[in-house]
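I have a structure I would like to understand better, so I am pasting it below and will then ask my questions one at a time.
Think of it as A, B, C and D in the order they're written, each chain with its own count starting at 1.
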Amino acid sequence: MTDFTAREMMAVAAARHIKDGDIVFCGTGISLLAAMAAKHISAPRSVIFFETGAIDAHLEELPLSVADSRIMYQVSVNGSLADAFATMQNRRTGRQVVGIIGAAQIDPYGNLNSTAIGDYFAPRVRLAGSGGACDVASLVNRTIIFMQHEKRKFVPRLDYLTTPGWIDGPGGRERLGLSRGGPYAVITNMAVMRFDDASRRMYLEGYFEKTTPGEVLQNMGFAVDVSRARPVPPPSPRELSVLRERCDPQRLILG
Amino acid sequence: MEAGSDKVMSLREAVKRFVQDGSHVSIGGFTVSRNPMAAVYEIIRQKIRNLHLYAHSNGQGVDELIGGGCVSRLEIAYGGSGRFAPTCVRFRKAVERGEITVEDYTNYQMTLRFLAGAMGIPFLPTRSSLGTDIVRLWGFDETMRAVEEKVPDKKLVELENPFGQWGDTKTVILVPAVFPDVTILHVQQADEQGTARIEGLSFADIEQAKAARHVILTCEELVPTAVLRKNPGLNQIPFLHVDAVVPVPFGAYPTACYRYYDYDAAFLKAYRLAAQDDGRYGQYLERFIFSVKDHAGMLHRVGQEQLQRIKADTSRGYAVGLDRR
Amino acid sequence: MEAGSDKVMSLREAVKRFVQDGSHVSIGGFTVSRNPMAAVYEIIRQKIRNLHLYAHSNGQGVDELIGGGCVSRLEIAYGGSGRFAPTCVRFRKAVERGEITVEDYTNYQMTLRFLAGAMGIPFLPTRSSLGTDIVRLWGFDETMRAVEEKVPDKKLVELENPFGQWGDTKTVILVPAVFPDVTILHVQQADEQGTARIEGLSFADIEQAKAARHVILTCEELVPTAVLRKNPGLNQIPFLHVDAVVPVPFGAYPTACYRYYDYDAAFLKAYRLAAQDDGRYGQYLERFIFSVKDHAGMLHRVGQEQLQRIKADTSRGYAVGLDRR
Amino acid sequence: MTDFTAREMMAVAAARHIKDGDIVFCGTGISLLAAMAAKHISAPRSVIFFETGAIDAHLEELPLSVADSRIMYQVSVNGSLADAFATMQNRRTGRQVVGIIGAAQIDPYGNLNSTAIGDYFAPRVRLAGSGGACDVASLVNRTIIFMQHEKRKFVPRLDYLTTPGWIDGPGGRERLGLSRGGPYAVITNMAVMRFDDASRRMYLEGYFEKTTPGEVLQNMGFAVDVSRARPVPPPSPRELSVLRERCDPQRLILG
């Protein structure tokens, strides 16, 4: 029962960062499981929110796209893309939104690349592009980033800056006019990273069972402070049962 | 256009009339929902070339238009189809091979660009993308922009807030309007005048329609005007913007049409596999598009059994318990 | 605000909590339709003063708030109530007597200002009003603007199109966002979480709600969440923006509420006659507002018979054949 | 049967300027009767349109405000104010709109005042304000103006310019950035005025029965060219019967 997968640990770690009353901008992978788990465990008044405009969807089955008909069932309002992004840019509601996003590359300040690997004009690998990621990271109060912990993904310099993090450190966002927000946590298959309040650089906050700070560092293309790192408590039986039985009984996302 | 019943026509006729080589086109829908797939297949069938395509995240339709060889330029926020293709396969290949030119925006920016077009203004402001490569790197260079009348002179413009700190905002990004030659949407219901009813999420369809010079609507059902007018609160697109109305059952297939049918996970998976190999992709095009006369022919190839499986539950709007692995 | 049932409260409580002397307020509706009149009367009854009021053409509600002595500053597009008062009477008197300061905009500009507030951006562009005194003459001067944090530093700004001639536009007028402290709307239906359903035209209600820091909804009917959620396509305001939900039958009276009741032409005519004379207007205020406890008390004064006469025909949404001369 | 009122003549004269396929922005007075009459007589495919967002309303009873519930019955789409004005500013639909508006003052170039008489900051008479008039006159292709023919209303210089006409003559609108539109005709209780293509100044195109160009001039605060003036044909029996029997049988507007 205390055995669990890395994906389960990631979903639980993210769920713990969702506060009651948060409006949770999520995608359709682990981020959705994190939002659902939080709602069932610690944040019953949080609201599941998709960039396509569905607000507080009643999810009887897991959607496989943020435009899946499953997210349209019994929502509060059937919005449009324009409505959804305005909700994030809005002075009242934007403050309540926590965005969960992913990327192909991340740098020490939490800036993200999801557009292209290599030269933008002749890419080695073309990726899907921003979608709503740049928008949510520009507009809302907090973003949580999901990453696979690999050296080629944690890079000192991005091939393309799709999504703004803390830019180049203290005051970086303010200087550009990004008046609020910034990355809050990076959750990987090995660890939870946070950003130092003073330097805005990534540091290791916690590492999962069966790994060590040293191993985490070995899987990154840049060094981070590990002096504050502590073990992340494994999923509790309750967290695991909610995740497995109430959120993804068919293991469509948990695999 | 004014009211009148002369808008109802065949899809072949509608595409012939409003989509030409080099046209600037936008299509409705989002990833695997309500893409105007029948129209996409008809465009491929008519071998229209060099389209300038505008998309936010209209996954499947965009990938098939690119795969069909119809697109030379693309303005886009996201080239993916949810979990069926985190990056659309033919899109990715075409970019990596240098077959199409891409200019990147965000989902909100593309939405605002259609909205600006719908509002008839040159631009709209947002705080999104300040300091990113989306602002810094232009897919289309200044020379091309200066020559092309249908492309604005600049990609994105940074403007200091003329109202000081009003709205807690020092700087905004101005995103230029898009004015497509034609927007193609698939909707649940329309009448012969062109008033349209979309059920479920509307994505950016309404803005895309109003931004365009011409609009082709395909619809699951052509319904009497009196039916739509009985509850105007459920209608979204006034007939003023619409040129062609084409009834096409399963017109969004293999993407979903809320309350009518689900996406066909099996077809989309087979599509992805075919898309990964040029040879297999050629066979796919032949079998489902070129060797059939129209969308009904394509659906016949798919087979009744497969279509039955994705029929939507009327109260939930999707196919309950559908095998989607 | 998050979901939850603690939003349902009395109108007295809602006004006490969210409307103070000097508050920046916007009200929904248009001329003689769906003004939040019960809330307007409660504000007058609570003798709230020095409101900064934002309105496009919300006729009757604006005139009564001014007549009730609650308003000191007004940003407005139109101070009329259709054929019942081509210019609202108490509005006109207050301006001519120098009792309120007015800043003039157009209907589209006020709409865009609320929309900009809803979108969380400092301004929106339009071609409307280029070369007019609406741009040239400011109701509030620079000194006042510099002092007042809730008023933008400038009224309207002319900007050369940064995208050249894109959109066939050389110059635009930028209209600054409005961020009211509170928006008050009357809607047909709402649930205890604050999701709202407006039937018929929505005017600028949705944008007004989303632009505000706080929202009070009065509604004809408080309905279960499950009822509203069954057809989300008919809902317009998500609960995220709403603080207070107050069920008030006939809450828009004497203005109309589509599908519930018509405007009361007889009352509106009597109002206009009373408004023309300060003495008679004092009697009007005493009889219908100050001497009654709440809206039910006001309706009691009006009488069942008069209310029955304006009941809407369910299929047409208004009182068929109502004497409106 | 050939007897008719000035209001009837005004409605008919305006109706004659509405073309088939026009989208007619109207108010609730004579302008609405003109739109309805045109639809029944010469422009069956014209569309009645209100600034509140009602498109192609099915009018079984006359509305007394542009927010009257009577305009919401059986429309194509229930829009918002934002939608309605965007329809006018829109590159495709804006070209098809003809706006019918009124005012308290008009100058020789068809600029209008509906805001204040006297000093704007201490007005002798405060009027309702622009409403949608400035918007429609700024954004659409053609506007038709209804006026009462009085000296104090036809003024050489407006007290306040609410609504742009031809501004100060040739090129005036273009210079300001008003890329299309301009006043097309002024219809009064005595005459139909148009604007000279070269000078953009008002001239007398036609005068109604029982009046003369001289009498028209006497009721204006500035002189206009009357050399092109011809008598306006009176309402035909068909025009009158449509107006009286189909548009306003209760004479709510016709009086």
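Just so it is clear, contacts are C-beta pairs under 8 Å (C-beta built on N, C-alpha and C of every residue); 3 or more make two chains touch, one makes a residue touch a chain.
As the structure is a prediction and not an experimental result, all values here were calculated from the model.
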The pair out of B-D and A-B sharing more C-beta contacts is A-B
Chain A and chain C have mean C-alpha positions lying a whole-number Å distance apart equal to 40
Expressed in whole Å, how far the mean CA point of chain A lies from that of chain B is 28
Rounded to the nearest Å, the gap between Cα centres of chain B and chain C is 38
Among all residues of chain D, those touching at least two other chains are 72, 78-79, 89, 91, 139
Residues of chain C that touch at least two other chains are 120-121, 126-127, 167, 169, 172, 179, 200, 233
Among line, ring, star, complete and other, the chain contact graph is other
Chain-chain contacts, ordered by label, are A-B, A-C, B-C, B-D, C-D
Residue set of chain C touching chain B in the complex reads 116, 120-127, 152-154, 157, 159, 161-164, 166-167, 169, 172, 174, 176-177, 179, 199-200, 233-234
So, in the complex, the side of chain C touching chain D is made of residues 29-34, 56-57, 59, 76-84, 86-88, 91-92, 95-96, 98, 102, 104-109, 111-112, 115, 126-134, 137, 167-172, 200-204, 206-207, 256, 258-259, 262-263, 265, 312, 316-318, 320-321, 324-325
Chain A residues touching chain B in their complex are 28-29, 51-54, 60-61, 64-73, 78-82, 85, 89, 91, 115, 120-135, 138-139, 160-164, 167, 172-173, 176-180, 252
Listed in rising order, the residues of chain C that touch chain A in the complex are 2-4, 117-121, 179, 193, 195, 210, 212-213, 226, 228-230, 232-233, 235-241
Seen from chain A, its contact residues with chain C in the complex are 20-21, 23, 45-47, 55-56, 58, 72, 74-79, 86-87, 89-94, 96, 139
